[in-house]
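Just so it is clear, A, B, C, D, E, F and G label the chains in written order, and each chain counts residues from 1 on its own.
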Amino acid sequence: MLKPLADRVVIRPVEREEKTASGIFLPDNAKEKPQEGEVIAVGPGKLDEKGNRVAMEVKVGDRVIYSKYAGTEVKVNNEELLILRESDILAIVEK
Amino acid sequence: MLKPLADRVVIRPVEREEKTASGIFLPDNAKEKPQEGEVIAVGPGKLDEKGNRVAMEVKVGDRVIYSKYAGTEVKVNNEELLILRESDILAIVEK
Amino acid sequence: MLKPLADRVVIRPVEREEKTASGIFLPDNAKEKPQEGEVIAVGPGKLDEKGNRVAMEVKVGDRVIYSKYAGTEVKVNNEELLILRESDILAIVEK
Amino acid sequence: MLKPLADRVVIRPVEREEKTASGIFLPDNAKEKPQEGEVIAVGPGKLDEKGNRVAMEVKVGDRVIYSKYAGTEVKVNNEELLILRESDILAIVEK
Amino acid sequence: MLKPLADRVVIRPVEREEKTASGIFLPDNAKEKPQEGEVIAVGPGKLDEKGNRVAMEVKVGDRVIYSKYAGTEVKVNNEELLILRESDILAIVEK
Amino acid sequence: MLKPLADRVVIRPVEREEKTASGIFLPDNAKEKPQEGEVIAVGPGKLDEKGNRVAMEVKVGDRVIYSKYAGTEVKVNNEELLILRESDILAIVEK
Amino acid sequence: MLKPLADRVVIRPVEREEKTASGIFLPDNAKEKPQEGEVIAVGPGKLDEKGNRVAMEVKVGDRVIYSKYAGTEVKVNNEELLILRESDILAIVEK
């Protein structure tokens, strides 16, 4: 299992079929393209200037939209995951 | 529904016909081109150095002008929306 | 009407004829070229680190000189205006 | 022995065979490629604005994933090691 | 008259003949070339983090050396002036 | 003798023969190449935001590894030395 | 006479002959090349965040080594001088 450092999160990208089901569709055009996924691990938050952890806005289980070119891909037990910083997450998709 | 993180907002871009009606017209020339739209979701604000949320200046329902090349396009239930940071919003169009 | 956010201002550029009258002439040469205009709307000021608004130095009615390539053009009711940050204003022209 | 300064750590990279065993596999494609290794030395942490050391999140013995192009290679007693900053470590691989 | 904003100053550049008289000569070679001039207007100073004005080091009447490529040229009543930030002033020439 | 300013240190680079003896060998390949040397002078430390000196982590006599392309070479009494910032030192080599 | 602003200093570069005499020789090779000179004027120091002047580490009369490409050349009374920031000074040469 991956335990991300600081303000990083581990994302399980959502398949395109699943995305259509949830009503979110990501167009294939000129602008920065976002992606949708599920948060499966959350870091402790980064430290502010006073040495306190900044609380994370996302939690495990959240469905999120993130910048397509953000983060680093890793494969764990044959599954492709993504490690990125919370600041690369644009929005939570609410049910 | 999208719940933007930090100081992000979700914008529903205004159609060009509608814009002419409101008297705002965005010229098609050399400078950075702004766009007009309606705010449909507002993040909680970014955290300042003391860990407090910075209040957002815009609210749901505001008609705003924003930088054309800012933000990320998403399509929700067949509608094209835009997620951008409040700092990419130039002005509120008042009635 | 436009209500600029943060430390932005709305400027009505001054026609070149009018500029000659006020005695300010902007040369057409190598350096960054300034422009002259009238402030017609002023934002609330940006927030400092303590969350207080920083008072704006310009006010509605001020005649100002600003950097030519700064800001974003918008057309409102057929009039061309400019939205820029106060930091792009170089000086106030006093009568 | 190496004693890293500030927030640096010394990493012993993990052989590719070993990595497959642990279930982590790093794909060979377009994005920034991470690497896996073992932490063998940890710096005292960087100083915050008040002159206090910021506690390190990793400790000697941790298995970690880090950015492939981060850090500096050194060879000690014929063994290749890597010195990098903690901020280049993406996640701890938990057993 | 020009009233510069923040930490800007208005400079009246000194003619080359006059410069030779004052004993300052600016070589015509490889490095960044400074210029000499007289301060004719001084802004109120920029705001520090606590919202206080930072006192300006130069005052009206000072003869100064400044970076050649800094600032913005304006022509007022047929006279060429320069608006620049105090940080572009290198030194005061003392009599 | 050289007295470095702020957080700078003066390093006497170690000859390649000597390095092999100490067991540290620096490979000649793709990544940023470190170098080994002895600290012969240490600055007073840089000032933090409160105007206090930040204590240096290295001291005269330390054997250190530093980034190859960091710093400035000087020759004193026919000996080649290197002046660099403490932040360019990666680790102390302990006996 | 020149009175430098903020953390700037005025340097009288040392002739190459003189440098050899003092035992410092600056090699003519690949790295950033330093220069040696004498401090002849020192600014009041830059302001820290609290508005206090940061004391300068160098004083008039110090023999210093500085980065070759730093600063701005000026000629005063037929003498070539250099105005640079204290941070471009690497070390004081002690007798």
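In this text, a contact is a pair of C-beta atoms (placed from the backbone, for glycine too) under 8 Å apart; a residue touches a chain by one contact, two chains touch by 3 or more.
Since the structure is predicted, the reported quantities are computational estimates derived from the model, not experimental observations.
Chains that touch both chain D and chain E are absent from this assembly.
As a whole-number value, the distance joining the C-alpha centres of chain C and chain G reads 41 Å. Chain B and chain F, compared by their mean Cα positions, are separated by 51 Å. Put simply, the C-alpha centre of chain C and that of chain E have 22 angstrom between them. Shared interface positions of chain G, i.e. residues touching 2 or more other chains, are given as 49-50. Following neighbours round the ring, chain D first and chain F right after, the list reads D, F, G, E, C, B, A. Remark: chain C residues 1-6, 8, 10, 41, 44, 47, 49-51, 71-78, 80, 83 touch chain B in the complex.
Put simply, chain F touches chain D in their complex at residues 23-27, 29, 31-34, 48-50, 52, 54, 57-58, 65, 67, 86-87, 89-94.
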